Structure formats: structure tokens, C-alpha cells
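Worksheet for the structure shown next.
Each chain gets a letter, A, B, C and D, in the order it is written, and its residues are counted from 1.
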């Protein structure tokens, strides 16, 4: 089956009957909803690039399962090179959409579930891996969009799932039947769920004895009975409903998250990939985290490219671009962004093969990559606000600009370099506003902070992945506590 | 005349006939406009504190002109202690409103114009100072709210006012008449103009030969003919129009900026405080900057107090407050905020008397204070986003919460610590969202960056205010290039 | 009795019979030892400034005990102004010596013991305070140099003094006699002990039940029987023994620390100021810490002045001073240094009176000051190394410079701006080397880190000194969890 | 010919007759000089690893010229993988020596000269490339140690070589003869020159018209007539002459730099690789810089491993290792160090082939790598000083420890965790001191700052290597200034 075009992808979404709510109301037609559509467009770009000659090699690959050409987002990483191409693809998509394009969780989840099911089967004699291969083959052939569903609502932090006051704070198995299982709970902060055909449910943390029912991984079509999606608010979301296209900043693209309720949802056995093997929950989580922490070394530098281009443009428009301090700040923005990209590439190149045959990135470097992502974008935003000037947060509305009298005032007084149209300047500032405060600001800030795990999660992994004994041995030898090395020996 | 209560202040605004536009439409009644009113409330708080026993000493003082009790925002600083109290007042107001309360520019402008007019008169034999004293006495007695109007639209940066392609990019005198002057131009990023009775126009930068017409300072009632105000957009501004009070984050308070057009506005001579004395423009600007750079050491720590309190609360609500990394981050937020406050106090205490008799802060320390303000709040925001968690940017809407079915889901699944009501958690997150992305985020970020001058302006002053020769001499003596000090001599 | 001159001070040291070891050998004459003398000179400067007209007001004050003029280092702070002058004095001394001048621990200890003894007496009916006043009157009149001795060797961290494997890891009372007490233990990192007449022993941390014997404060002449001083190594210490005066960087001044052993030392009762009142140990420690954390806002900016002057000079000498990035880095160095100074001043101005009548700085701001001191000097050093260039760590020796053949090569090839003598450049680089790697580097780095408590100590205090309930209440009100404020009420 | 062992390498150095001065005196036997020998040992380690089974694959490779096995330091990079192995080798060497091992400049210079001579020949019809291949074949077969000699003394910065007051401030051709050329000038900050067999002279900056004589590259045996080496001072250099092995910190290893005078040195034509082709100077410099900026992503993380191991050890020794803030700081140190390593790897993997056939790293990422190296090690040092405690700069000397009476005091009082010998603690602290202030501190700080170019050099390259037009186009499209992308098209 041929890879879907962007249009085919969008049309394919119409067939679903989602139980989706936005601002307290059921959304009958999410695809054409002006609040939602930009996020759908961003996902559509992942389909579009598979058909563009220049990006085809990045956006598609040969399936490890079938040898057929598939969209990279549904693929298994057959080599470090596949992971490198992933990073370069994500950067391109960040450049093209200037926001989150929502498919990385699915891609990264697929790869983590693939190897983990293999390991479970090896140890437990189960058959999850074959089931998963079959499901994934279907996904690849139908070219579906898969949403990775990991983050539980978590209740009181630090309390185990089975010890929570409300046992539903983590998704869990409430019934095991002959034909499948029934699960209940909710997944929070679910990126791109409305734009997906299916969701891949995974556990969210290490499970201990007594938490067996929380060890569940499975696949669900988004419109399965019992699923309710509640669309999250975003900064400036209502601007999408306004006339005009300036104030929204990024008119075409965006993202979204939902709170996804799973209220006694039935899953047939052929879609169940983990069911009670609690000791593998952390394996799955850590592998997923490794893949996903790498991802941020792709998308965020891509978004940075747009942000840096916008900053350079507003500096051009006011005539300060050549000022040494402006050049210096822009160089710093580039430096920080490329640092992230380099680290995303490094952990890919240093990747290793799993028992199941797909590859995973170097985990230490992947954590290091993501950890810098929790810092550098914030500094880039700060520098962007510096160069943008105070007007970033005080622009008149597009309606003012279109007003016969006010429009003339605005055109006259907000013109800086004479031959740059005032509207161009306002558009560029609106884009910067949307990226630093508005609709897509969360993609560059809060998502950089918490996506793929909050900073503390990386610190814990960095500590754990380090062989401190080896380092201490080096120090003891140099210090002469252990016998010093004889260089002539 | 008694100091106005908050209510009297708000009522007094109704008498004005502003030419104000919002989203392309004339606003007949700004006081009761739901977009605008929160900003009026924030200013009203400056009147309210003058009547509260606990804050009266901070919010009022004895007039240097009349000996009468006046609102501190309309006062001249008679001592370092007056400037210390200013900083403490601003912190209180930041705590009470969690946003910009808009009156500092006026207060700081009054003090700068006071001493500068004195100096002009001394040198030029003019009589600006007496005029200004008279006007200020009126302002104090009527307890008016004065908006400081400094920032010109500036056109192409680096080009002198008189050399701009459009000569109106800086406000200037277009006609000198027997009864007064006519001015034209526009002031950008005008904080609180809609909530003011009068504006105090000042030049915005150093003026060179040929720029004489740009050397103009004067006072204008906000509804003077020829003035048009265009209300600036703010992140999430439309949330103020929604039902409910959660999603807006800070329901009561806010701020605003306008683009203020001055289209051939007439100013009678008794309201003109500078008219062509171009060499005093920079004096006025630097003095104003000194006062205003200090101010940020008051308001931002006040806003930080709310932000830190909100962060601690959401940490309480999820049960992570005692985690060592959370405590550490909160301690860091406090540290950064108190650093700013300490510097705001230091430059006040180290203040010196002007020739005219009022006091100004130590300029080097005031610049240092503001320069840190362009950095630390951003790091505080980053830490706040860290602790807040991903839900900061994915909360369901208040309408979802009020929905009979969805509401139950939300109450169940977004409850963390069992005995904390979910709505409380959502409210606190909404407040954090408004402070980091939404309606008041600009007050803590972009305004910290650009208010009272962008970072480069402080660096220039820091360099200029440093006696580098003295430092080099110290180094030469220690190094033995100059004769070394004999400690026994 | 008149205040000692520098020379009188140095001569007065000769009368002591110290039991001092340096490099494993007993030092008979510390005053004229070339390794030690620079540190004595630095202390002598504190005497010298008391006689210089320009600094007399800073360096002396009226005794709170006698009304007589005394050296500020032996004085009680009678007002916030006294603490402000202290900070300004310390800055001057940092400028003049470019190193630690060693007397702050004593001054800060005196003030902390003064108020703590008062409080003990109030509660316990003891008479420590009168004893202390008497001793201090003697110290003031004799114009002695007092070393504050607080830091114990501590043994295993986290274990209480009385629970240590070796009970002597904290100084403690081993015998209570009719005529006094006997103490044992050791004080580590003792700054300036060799240059002092007496040491003021204080406990170092909070004491719990069972630790009573560790609650001891007293005064001891430095040559009391049982005291052994072991002089600590410093970077490049041997350069002081070389011919010439260039390579050492700072020829005249330096500092030192000793490990001070107290091996069954007898203290007569009239010199005992705490003896078993364990609950006051933490009071004394925290008050001392408040004073001493403030101190760093004086001395470090003073040393920074020299460092910045040196950096500007080497930039002059190579012709890069006007480069925008060099100017920018120097402006940053100034900014960071003045930030520290501002905070040192702020906590002084905001000081409050103790029950005993002397003043202490605002504790929160004092901790904030010191906490920045654990960061900013490191960044200043980094910037200094940037501007200094690679030659900072590769200069030929002074002996090479004096060599008939090599000297010509060096003069020729290390000359940058033609009219600056090569030797001047080498001297300035040597100074920078000594401040960043060499003899005085520790004063600007490790001492900034650990003096007056390591960073974690400040974070703990910052957390403790914050009224978080008040902040959370503010947030709850703004968020509408508590009833929102009615601005018109 | 077989690869040299460490011993054979050291013996081979004895054959040279260097004109080397140290502290103003001629050094007859540098190999056995205690000041110099540790640096020789560090280079020897590069020979030793070629013979260790575990490191052989990193330390050797197949020659691109002859197919023979050669030491990697003398090799051309035949693939990205060769550059990856380089980085991993450098990390190993940093771990083993804890200092600069001095051979990277040679290796990186060889690769830069190789491709540049190829390009010159292509354009100018010269035969430098064949000469260079011949020389390099000789170097590989003899397994020589080559010192890269680039940094000129530079005179007044910003003035072209031919415009300097002293024309010798940059090495230049003073005579062209039939049999070769004569050059004059000096190279500053020459790492490892005393331990090398030959030096590879290269120009140091972009050359303009009139600077032709400064465009010179050639190879010289270190003992060529006319060469004088002046050994640079290092922090604590005299400790190498002391008895004992503790206080020096790193007893076995170190590095050095010399000021290398070239006073009318004759170079035969077969060793001349550039002679007047001034437009290729910048090509050579930038290629070299690319290679060398990458190198720091290897050696510095290697040194960091030792530093982190030492810090963890001293934390063990005092019992604070498990404290959350200590763990957090160590995690941060690891994070920063691995960030550098990841970037070193990334630019290697992303390398590209030159026309001449060897590979060079991705230049943008190489600059990004080095630019972080100018920052992160300083923060790592700051954290190390934090954890080390004040004792870092106050330890008694080894002589005190060996003293019969003092030694017992020291053993007793500086013991922290009871079962850790005090001497172990002192040794580890001495190592930390040497890495942060002492003998090898410059390798981790000043060298990180200036080696391979000062920070500004990287910023310039980062700016130049960025396609800003592409970024601005992205921004214009998203903002709707250029036609927005139609996602369905």
C-alpha cells in the first residue's frame, strides 16, 4: 500500500468517531475545527515530507519487518544511521512547522515496545513480540499515525500505583477475560492524540510487587469505546478563532495535548503487549526515555532555526542587525541550538543493537542531550526577547492595522527601516510572540522541560549510567593511593 | 484635599473622554471594559494602600513642596529613606497584584524632571522648574495618576531623530506659539496610559545638534485633543472575556500598554518643562533611568513572592514539596529574587542629593540592579516550569471542569494529594500559567528585559560609571609597575 | 592608648612565642619569614588605614564600650551605618592588598559573641557578657589582632561531635577546674592565626543533647601552652623564596591558614564566654555567619577591583581594549562585582539591633550576598582568563628575563603594543596568574566558596529565613482559592 | 619499522641537542630533569597505549599513505570513524595522565597541512603535497613525535604581520635561497616542544596582500640551529623538586609550554610546505582549528573523569557522598563533561572528505564543541571546589605529615571517616588542588579557554558557518511574509 499523502492522511482521520471535548463541548468534526486543525497540519507534514524528493530519504525507510518502504515514524531503527536520520528528519519538521509535530512519542514507543516484548517473551515464554510485529506490520502498511500514551495522571507523587487513594491514578487492568482485558485510568498530557489513528498504551514508571495490574501495554484505535479526550488549553488558543492571520503568529501549525480518559476500555488479546510482567515496566520506560530524550536534539534545534531566523529578521527590520551585541547574542543562540543538535546526533551514532534487533541510542548521551534541552531553549528565548524589543508584548491587533484611521498611524509609527513594510515587522513580531508567550511557546519551553521526563529524571539516569568506580580508580592511581602507573612498564 | 480611595480613583477616571481603541474599535467606557478593568484595579491598589494602616507609611509621605501628605507615587524623594520606602512599597504592590501596577514611570519621571528643570533654569535662565513645581503641587493635591511617557517609536535605530526618513518617529515640537507649543509623534509601549489622568512627556535619548525640536518635556491630560491610544495585545487577552475565573489565572489584576499617538497636540506654556534645550535631554533620560532601574528591585521581587508561593503550593498539591531537588529549586528562586531586592535597596540607601534638593539612587548600583532583572526572572520562570510539571500547559478548561460528565473525570484524575481539591490545583496552575505564558507573563519577562532600558543600555552605563583608571592604578601598584606600597610607611 | 601603627603592630608580634611549624620545621621568627611576611603585611594594612586621613573614618570608630576611638576590626556595630562602613573598609582593604587581610573572622566573632553572651546570661543567670566586655575593652585598648577560631576538623560529616569515633574532632572541654577549663581539639583552616595576638574560640555547629562539652567559647593568647600551629600549603608558595619580585605576582601581600591544634589547653574563667550552654551554640554560629556572610560583599569586590584593573591593563598592553567583546566582558566583570557589593551594603543598611545593643545585618540578605559570592568570582575569573590570553600560563621566568641573551628575546617577542615595556606586561600577567592560579587565587575562589559557610549552608538559611506561608497566602488569594481581594473594599 | 615503546620513545629523545632554557639556565638533559620529566611521561603514554591490547585499536591505525600500522597521532583521518577513534583515544589519555599529553596539535596540524598543500598544488602548480607526503611517511615510519607550531607572538593585536612595528612578531621568510629558506620569529605557548622530535611550523591567521612572506609552513627537527626554547612557568612548578610525592598532586604526569625562538633558521626545500601562498593561510588555519576544536571533546572529558572520580572520593572520605546536594553536584559535573564528549563525537561522525582524501570534522559542530569547552570545565572546577571543602587550600605539607609529632596530630585531626587513612585523604585533596590551582590546573582551565582559539574565534566561525538566509526564509514563511506553506500541496 502506498504511503499516504498529507491530504490522504487528513481525510483518513474523518472516519474516526472520537469522543472529544473542547471547552466543555463535544467536537463533531475535529479535522475542520479551527482550534484543532493547525495541529493536524503539523502531523500532516510528517506525511508530506515522505513524498518530497529532498526529504524522502529522511522521512521514509525500509521496514525491518517487511522490507517495504514505510514512513520513518512507524519504523524500527535498523542501525545507528536510522537514528541519525530520525534526528535530521525531526529538525526538518521543526523548521517547517515551528512547533511540535506530535509523532515522536509513537515512533519512540514502537521501538521500545518492540525490544521489550522480545525480552519478556525470552524470559516468560509469552508471545507478545509476535503480536506486536503483526500489529506494527499493519500500522506500517496502513501508514497510520500512532500516539504513544505513557504519562499517567500519577495522583500523589511518591506513592506506588497500587497504594494510591484512588487506584485509577495509573492505567491498570481491571478485568482479564478470555478475549482480552479491560483497562481503566487516564493518560495526561497526551500529545497529538486527536490527530492519531491509534494509541500505544505503555506503563509510566518502575513497578514494584503488588503493582502487577499496572504493567500493561497495548494498542487501541482512538475511537474505541470508553475513551474520552479532553482537549487542553493553550496560551492564546482563542486567537485561532479570530479574523486575520497575523496575531496568531503561526497561522498554519500548532500542537495539542489531551487528558485521555480510559473508562473500562476493552482490549482484545492480539493487541495486548504486556500484561502483568511488572519487572519489565522499567525496561520499557527507560528504553522509551532513551529514544525520546534523543528526539529533542532534533525538533528543538529545528524550531530554534525558525526562532533565530525571526530574531535576525526583526533585527534587520529595525536596523540593529550589525550591532556587535546583537550579532553576539545571535551567535550565542546558534551555539546553544547546535549544541543540542550535536548531542542528539552523538547518541544516535553511538547507538547499540538490542537483542530484538533494532537499535537504541547511547543512553548516557541521550540523557545528556535532553538535560541540556531543559536549559538552553530558555536562554534562547531570553535572548530572543532581548533582541525583539519591548514591542514584542505591546503590538496593536491586526484589527487595528486594518482600521482606516488607526491603520495609517500604525503603518507610520511602527515602521522602522523605511523600506520594510510595517506589516512584515508586525508579522515577524507576532511569530516571535507566539514562540515565546503564545500558542507554540509551550512546545519550546514547558515541553522541553518535561517531555521525555523532567530534569530530575535525567539526573537520576546520568548518575546511574556512570561507572563511578572506574573514575575513582583513575583518581586513586594518579593520586598515588593505588599504585601509580609506571609509564615505562 | 484628602487622598483618593481606590473607588474615588476609579470614579475619577470616568470623567475623561479618551480616544482609545481596542481591537479596532473605540472604547466608550474603559473603566468597565472587562479587558481593561484588571489593569485599572492594579493602579487602584496604589490608592488603596495609602489608606491601609499597615502600608500607609510606605504608600504616602510628606510632600517636599507643601508638607502635606501625598501618595508616594506623586512625591519627590526627600532622602535615601524615601527611596528605600519606595522599593518596599513596590514589593508590596507586586505581592498584592502579581503584575505591573503602572505608576512607577510617572513617579520616576516626576523626580527626574524636577531636578533637570532646576538645572536647565540654572544654566539657561528659564523658568521650567517653577512651572513644574506648580504642576506637581496640583497633581499631588488632586492625587492624580501620572503616566510617564518616554519611549518614542524610534524608527530606524542608530539614526538621529532629525535624520529619520519620517521626522515624526520621535515626538517633537512642530510649532511654537504665543500660548504654547504644538507637538507631534508617538510614544510606544506606554504602560498604564488608559488608567492615568495625565501623561508626562519626556525625550527618550541623547540629542545632538539639529535635534533641538526633539527636546521637549511637558504634561498633558490624557484626553487632550489629538491624542489617540491604541491598546496593545497581550498573551491570552481574550480569556478575560470568558465565563468563569479560573483560566485567566489572575482574575482581578493585570496591566496594559498602548501605542499613544500625539497628532498635533497643543500644550500651553505652563505645562511645558523643556523646549529645545537639547543638551539636557540626556540628563533627564539618565536620571529617569537611574530611578526606574531601581524600581525593578521592588516590583519584581514582589511578583516573585507570588510566583514562589504558587510553585510551593503546586508542589504541596502533588506531594513533592519535601523532595530535596524541589526544595533546592525553590531556595534558588528565593535566592535570585532576594538578590534583586537587595540591590534595589542598596542603590536607594547609597543615594545622593541633587542640586534641586530631591535624591537620586546610586547610579552604578541601580544599573546593576536592573541588569540582573534582565536575567534572574527568566531563570525563576524556568525553575517554576520545572516544578509545575507538564500539566502547566495542558489543563482542561474551566468549562470542562463545570461539565457534568467531564467535571467528574477531571476531579477524579487531576486530584493528586487526596485532600486537596482538584479545583484548587487547577487554580494554582492557572495562576502559574498566567505568570509564565499568559496575561501577566510579559510583566515578569519582557518588561524585566526592556523596561527602564534594554540590557545593553545598562552595560553602557556600567562601563561609563566605572572609574577604570583607579582600578588600573591599583593593579599597577600591586604588580610593581608603579612603585609598590610600603606597608610600614 | 593610641592605635598601633603598622610598624608597631608588626613589632608587637615579635613578643609572642608561637609554636608554629612550616614545611615540617619550627619557625623561630615568623615575622621575618619570607613565606609568612606577606600575610603579616596584609594584616598590617588594617592598622595602617586607621592612620590615613582618607580612610580613618572607615577604619576606626568610637567604642560602644568606652567611647574611645578603636580600630573597626575590634569594634561592636553600634548602628547599620557601622556595618556599612565595615563593608566599605573591607573593599578598600581588598583593593590595597588584593588578598585576604584576615581580620574579619575576629571582628564578626566579637560581635556574635557579644550578643550571644548577653542572651545566655539573660536565660541562664551566668556572667559571660561582663567577662566578654572586659576582655574586649582590653583588646580595644591594646589594639590587638584577634583571630576568630570557629571551624572544627569535624571528623565524619553528619555525625554529632559526641558521637564521633574520635571525640576530639570538635574542640571540647575535657576538664572543669576551679580556676578555669581545659580544652582539646583542633581548628582547621584558621585564617591569619600567625598574625594574631589572640584567638577567639567558638563552636562550629548546632549542638544537641549529649554535646554539652562542645559548647565552649573562650579567648586565648596565640602562644598559650598547648597550641600548635601547622602552616598550610598554598599554590606557588615557594615562589616567595625566589629571587626577584615578578613571578610571585603579588610580592607584598598574601594570606595564610593554619591547622591549629589545641592539646589540653588551659583557659582561666575570666576568658571563658560559653561553657556547656549547648542550645546557644547555634545562636552564636548563625549570628557569626550573618556578619561574616556580609563581609564577603566587601572584600571580594575590592579584590575584583584589582583583578578588573589588571585585565583592562593587559588588554591595553596588547591593543584589544576597545574590541567590543573585550569591553563587554569587562562590563560583565564589573556588573558581577558590583552586584556583590550592593548586596553587602543592603544587608548592612537593613540591619537590626540585638538585645545586647549591637547591630546585626539582615540575615536573609546576608546569606543571599554570600551565596552569590560562591558563584560570581568564578565567572569573573573565567572572563579574566579569557581576556588574559594563553600567555597567562606560559610566561618565561623572571630569571629568563634577566638573562643576557634570553632577556633580549623575551623583550622583543613578548612586546605587544610597542610603547608598553615588556616587563610591565609580564608583571601584570604575573599578577593575574597569582589571582587566578597562584598565591592569592584561593582567596578569590575557594575562600569565596567556603568562607563563612559552604553554599549549602546558605541555601539552608535562605529556606529557613523565608516566610513561605505568607507567599503561599498571596498566591492563593490571587488564584482565587482564598477569597480574592476586593480592590474597592 | 616497529612502533616505539614508551621507553624507546624516551630514549630517542636523548639524541637531540636542544637549546633549551629553564629558569634562566641551559638544560643539558631534559629527559631526566624533574621539572620536565612528567611532561615527557605524558607524551610517552601516547606511545604506550599503542602497545596495550585494550587500546591498540584506538591508538594505532593503518596509514593512508603506506598501509602500514602507525600511531594515530601521526595518521591521516581516512574516515569519520578515524576521527571518532581519535576522540575516544584522547579521552583515554586524559584519563590516564590527567593532563595535556601534547600531541594533538601535531596530529591536527598534519591533517590540515595535508589537505591544504593538496589545494595549493592544484591551484598554483606547486609540489608541496608530495613533499609533505614524503616527510609524513618518514615521520610515520620513525614513529616520531611532532609538535604543531602555529601560535605567533602576534605583537599588537589587530595589526597585520607586515605592518607590525617589529616585523618578526610573526614567523616569516627572511631569505629565499637555492637550497631552501631562512625564517625568523617566535612561536608562543608551544605545547610539548621539549618532548618532540620535530616541529611543524604553520601560519597563525588570515594573511592579506603584503603579508606574503608570512605564509610559511615547514618542518624542523627540534634541535635545528637557531632554535631556542624557553620553558614557561607553571603554577606550583617547584613542587616537582620537593621530596615526597603528595603535595605535587600528580607526581607522574604534567605538560609544558615553551616560547620558541626561531632566529634565522634554515629550512631545506624538501621540508617547505607553503612559501608565500598567502591566500591559503586562512584555509590551513581554519582546517587546523576544526580538527583541534574537536580534540577538546576528547581530552577534557578524560581529565574530567579523573576530577569527578577525585571529587567522589573526597566525598566518600568525609562521609557526604550520599547527601542529596553532593550527588546533585556530581551529576551536574558528569552531565557537563559528557556534553562536551558528545559534541566531540558528533562533529567527527558528521565529518566530510577533503579533496586530498582525508576527512575533516563538521566545522560548525567542532566550533560548538570547543565553545562549550571554554565554559563547562570552569563550572566543573567550581563544583569540585564546592565539594572538596576549604581544606583544599589549607592542607599541611607532606613534610609535616612525615614529622614525628606533627604527623600524629595530622593523622588524628584530618581523619574524617575513621577507616579511611588520613594520607589517602590528603593525597586525593592534593590531586584536586593540582587540577584546580596547581600544576595541571592550566590544562583544564586556561588551555580549555585558549587552546585551538579563544572563545571569540569560535563565535566568529559559528556566525560565519550559519546559513542565516535559510533560517530567515523559514521564519518569513511561517509568519506569512513569504507565501505560507500549503500542507496539502
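Please note the rule applied: contacts are C-beta pairs under 8 Å (C-beta built on N, C-alpha and C of every residue); 3 or more make two chains touch, one makes a residue touch a chain.
Bear in mind that the values here come from a model prediction, so they are computed numbers and not experimental data.
Considering the contact criterion stated above, the chains in touch with chain A and with chain D alike are B, C. For chain D, the chain with the farthest CA centroid is B.
Note that among the pairs A-D, A-B or B-C, A-B reproduces the C-D interface, with over half of its contact pairs the same by residue number. Chain geometry summary: the mean Cα position of chain B and that of chain C are 39 Å apart.
In terms of their C-alpha centroids, the spacing between chain A and chain B amounts to 38 Å.
Each chain gets a centre from the mean of its Cα atoms; for chain A and chain C, those two points are 51 Å apart.
Residues of chain A found to touch two or more other chains are 325, 328, 459. Chain-to-chain contact here is organised exhaustively, every possible pair of chains being in touch. Residue ranges on chain D touching chain C, taken from their complex, read 21-25, 151, 153-159, 165-166, 168-169, 185-186, 188-189, 228, 230-236, 238-239, 247, 257-259, 261, 263, 318-320, 323, 325, 374-375, 378-379, 381-382, 385-386, 388-397, 399-400, 402-403, 406, 409-410, 412-418, 433, 436-438, 441-442, 445-447, 449-451, 454-456, 459. Against chain B, the residues of chain C that register as touching in their complex are 6-7, 10, 41, 44-45, 48, 84, 95-96, 98, 245-246, 249-253, 305-310, 312-313, 316, 327-328, 330-332, 334-335, 338-339, 341-343, 345-347, 349-350, 364-365, 368-369, 371-372, 424, 427-428, 430-431, 458-459, 462-463, 466, 468, 470-476, 478-481, 484-485, 487-488. Across the complex, chain C meets chain A through its residues 324-325, 328.
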